[in-house]
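Presented sequentially are two complexes of chain A, the first with chain B as partner and the second with chain C.
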Partner chain A sequence: MSKTRIALLSIIVLVVIIFSFMLNVKDFAYYGNHNETSLYYVTEGVNDTGAVNIVTAILFDYRGFDTLGEAIVLFCVASAISMLFASRTAPKKSAELSILARAASLLYSPCIIIFGVYIIIHGHLSPGGGFQGGVILASVVLIHLVVFGESTVVRHLDYKKLAVIESFSLLLFIGIGLIPVLTGNAFLTNLPSLFPRGIPGELFSAGNIGLLNIATGSKVAASVAVILLNMIKRVEEDEI
Partner chain B sequence: MPGTLIAVLVLLIIGIVALILNTNLFKMIMALTIIESAVLLFAVSGAYIKGAGAPLADINENMVNPLPQALTLTAIVIGAATTAIALSLVIKIYKHTKSVSSEDLTRLKG
Partner chain C sequence: MELINLVLLILLIISGIGAMTFKNIIHSILALSAFSIALTVIFALHRAPDVAVAEASVGAGLTTGLFIIAISNTIGAKSDE
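Up next is the complex of A and B:
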């Protein structure tokens, strides 16, 4: 059998399997209904955490340890990509876009930064949080890489400072998690420990969720910027 | 079958077909991303409850299941990370073989 025939056969088999699965998916228990866990999150989430946004409450309170692991994954990816492209250097000269694009990007960049910071610090109140806002902040670096060219950005943006920000944000996350340990609570405990509860729905509320959002946001922004700066490096001729 | 499930099915089949039939590594990564988005769409659509709104306690009394949304956020971040790793490996492969086709990856070399 030729390669295309094997491919077509396996595609047909897969389509049949997936289709039969999809036809029966409505028979799953709880499809389109609350189960016990989600009902608990929906009814008790604000009481337990003080965060109005239940998704953030789950991410940074109930599953805070999971989010720490996620931040570590990003850290590992940034390290791995830095290692893969360690022998490369940024080009000495690179093309830049027209004066119109440069002026517009300088005009827009502060707005994008303000929007990203807003998304980060309002993570417990509205849709958003550290991960989303961090990516928005990193998009400023991407816009500048496209508009001003790699060499200009690399000259003005210190790669080592970004790495320091990345590492210290992760340490900040762990440090915030360790504060409740001093008072005899578990790692990453939120409300019953040292953190003030506040009134749910206000900016200063929800205990340590806001602080964790800030730590995650700077972490994600620095990680994505490091990844971008590494991947934009030019292919040098003498690289093995 | 609700509309989102049909969308999940179409995305999944597009992704799998593209993954099997393409030899270009960039297109294979794109196909993997499409499959990933199909799975995430399935998770979020399974959490939908008729008549309920977004899980924001100050706006909606009646909220959808928030847990799959939180897990989907985790999965999106991990997916972006793996895509970044895969793309940089493709850049490295291009450096070694001067091609981005998976057919040219037959040669094992130390």
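Up next is the complex of A and C:
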């Protein structure tokens, strides 16, 4: 059997599998309001959590434990990558782009930072949340790596501080989750415990969702920055 | 609305095929980035702004940069020239 035949056959098998899956997925009451859970989220979400953005309400209130798991996964990834590249060093010399690109990046980096912080702290009101805002914050590091060169960024950005921020944001997340435990509630309980409800739609509302968003946002930003700073490391030339 | 949707879906297919078939790896990373941007607009049109923000920041921004850094640090970029 030639390679093209194998490729064609696998494509056909894949198409058959996908189409049979799509025909069957209708039976799961995927559309409309037959699904009790989604109907409950839509009608009772604001009442239960105080968050206007139902996606964030699900992510940080109903499924807050899952979000903790995701944050831990990211922590493990960052740790593994730092361990993997531990023997390498950041380049001492690197090229930078022209003065035009440098000036422009200095102009729009503050705007990107403000946008990322806005996405994080308005997570319970508007689209976005800790994860998206954190990645937007970390993209500033990416832009500066490209524009100013690796060595300049490594000189100005303290790697150890980033690692500390990363670890402490994860501890902050767990600590916020542990506060309700002191009053006899479950881990990561939101509204019936100590946290004020506020008026849904205002910035200071929705109990601990805002705090959890800030913790997740700084966690994701620091993790991604750590991953980026590790991936630019090279093997020393004289070691090869 | 329907027309924009159709154009974007066709763009998805084209950029997906491009990401697989381009000989230069940098070009296929850029095709993947275009894929993410089209997907972002589709998500936004279908009123899933949360997913759209995630796709725009992670798919179009971060992954592209990470891939380019990873490729430029391995021999993958040089082997095609």
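Structural remarks
In the analysis below, the second predicted complex is superposed on the first by the 219 of 240 C-alpha atoms of A that agree within 3 Å, B and C clash if a C-alpha of one lies under 4 Å from a C-alpha of the other, contacts with A are read in each partner's own complex, and residues count from 1 in each chain.
What we mean here is this: a residue touches a chain if its C-beta (ideal position, glycine included) is under 8 Å from a C-beta of that chain, and two chains touch if they have at least 3 such contacts.
Bear in mind the structure is a predicted one, so any value in this text is a computation, not a measurement.
On the superposed chain A, the positions of chain B and chain C stay apart, so the two partners fit side by side. In the overlay built on the shared chain, the residue A:68 is in contact with neither chain B nor chain C.
Once chain A of one complex is fitted onto chain A of the other, the partner contacts of A:120 are absent, as it touches neither chain B nor chain C.
Of the two partner chains, chain B is the only one that A:14 touches; chain C does not reach it.
When both complexes are overlaid on chain A, the residue A:128 reaches chain C alone and has no touch with chain B. Shared-chain residue A:84: touches chain B; no touch with chain C.
In the superposed three-chain model, the partner touching more residues of chain A is B, compared with the other of chain B and chain C.
Judged by the touch definition given at the top, the superposed model places A:209 against neither chain B nor chain C.
Of the two partner chains placed by the overlay, neither chain B nor chain C lies in contact with A:147. Using the contact criterion defined above for the overlaid structures, shared-chain residue A:53 touches chain B and also reaches chain C. With both structures placed on the common chain, the touch criterion links A:232 to chain C but leaves chain B unconnected.
This overlay, made by fitting chain A, leaves chain B and chain C with a least C-alpha separation of 5 Å. Contacts of chain A with chain B, set against its contacts with chain C after fitting on chain A, overlap at residues 53, 55, 127, 129, 131, 227, 231. Those residues of chain A that touch chain B in the complex are listed here as 7, 10-11, 14-15, 18-19, 22-23, 25-26, 28, 31-35, 37-38, 41-42, 45-46, 52-55, 57-59, 63, 66-67, 70, 73-74, 77, 80-81, 84-85, 125-127, 129, 131, 200-201, 220, 227, 230-231, 235, 239. Listing the residues of chain B that touch chain A in their complex gives 1, 5, 8-9, 12-13, 16-17, 20-21, 46-50, 54-58, 63, 65-67, 69-70, 73-74, 76-78, 81-82, 84-85, 87-89, 91-92, 95.
Residues 53, 55-56, 119, 127-129, 131-132, 135-136, 138-139, 142, 145-146, 224, 227-228, 231-232, 234 of chain A are the ones that touch chain C when the two sit in their complex.
For chain C in complex with chain A, the touching residues are 49-50, 52-54, 57-58, 61-62, 65-66, 69-70, 73.
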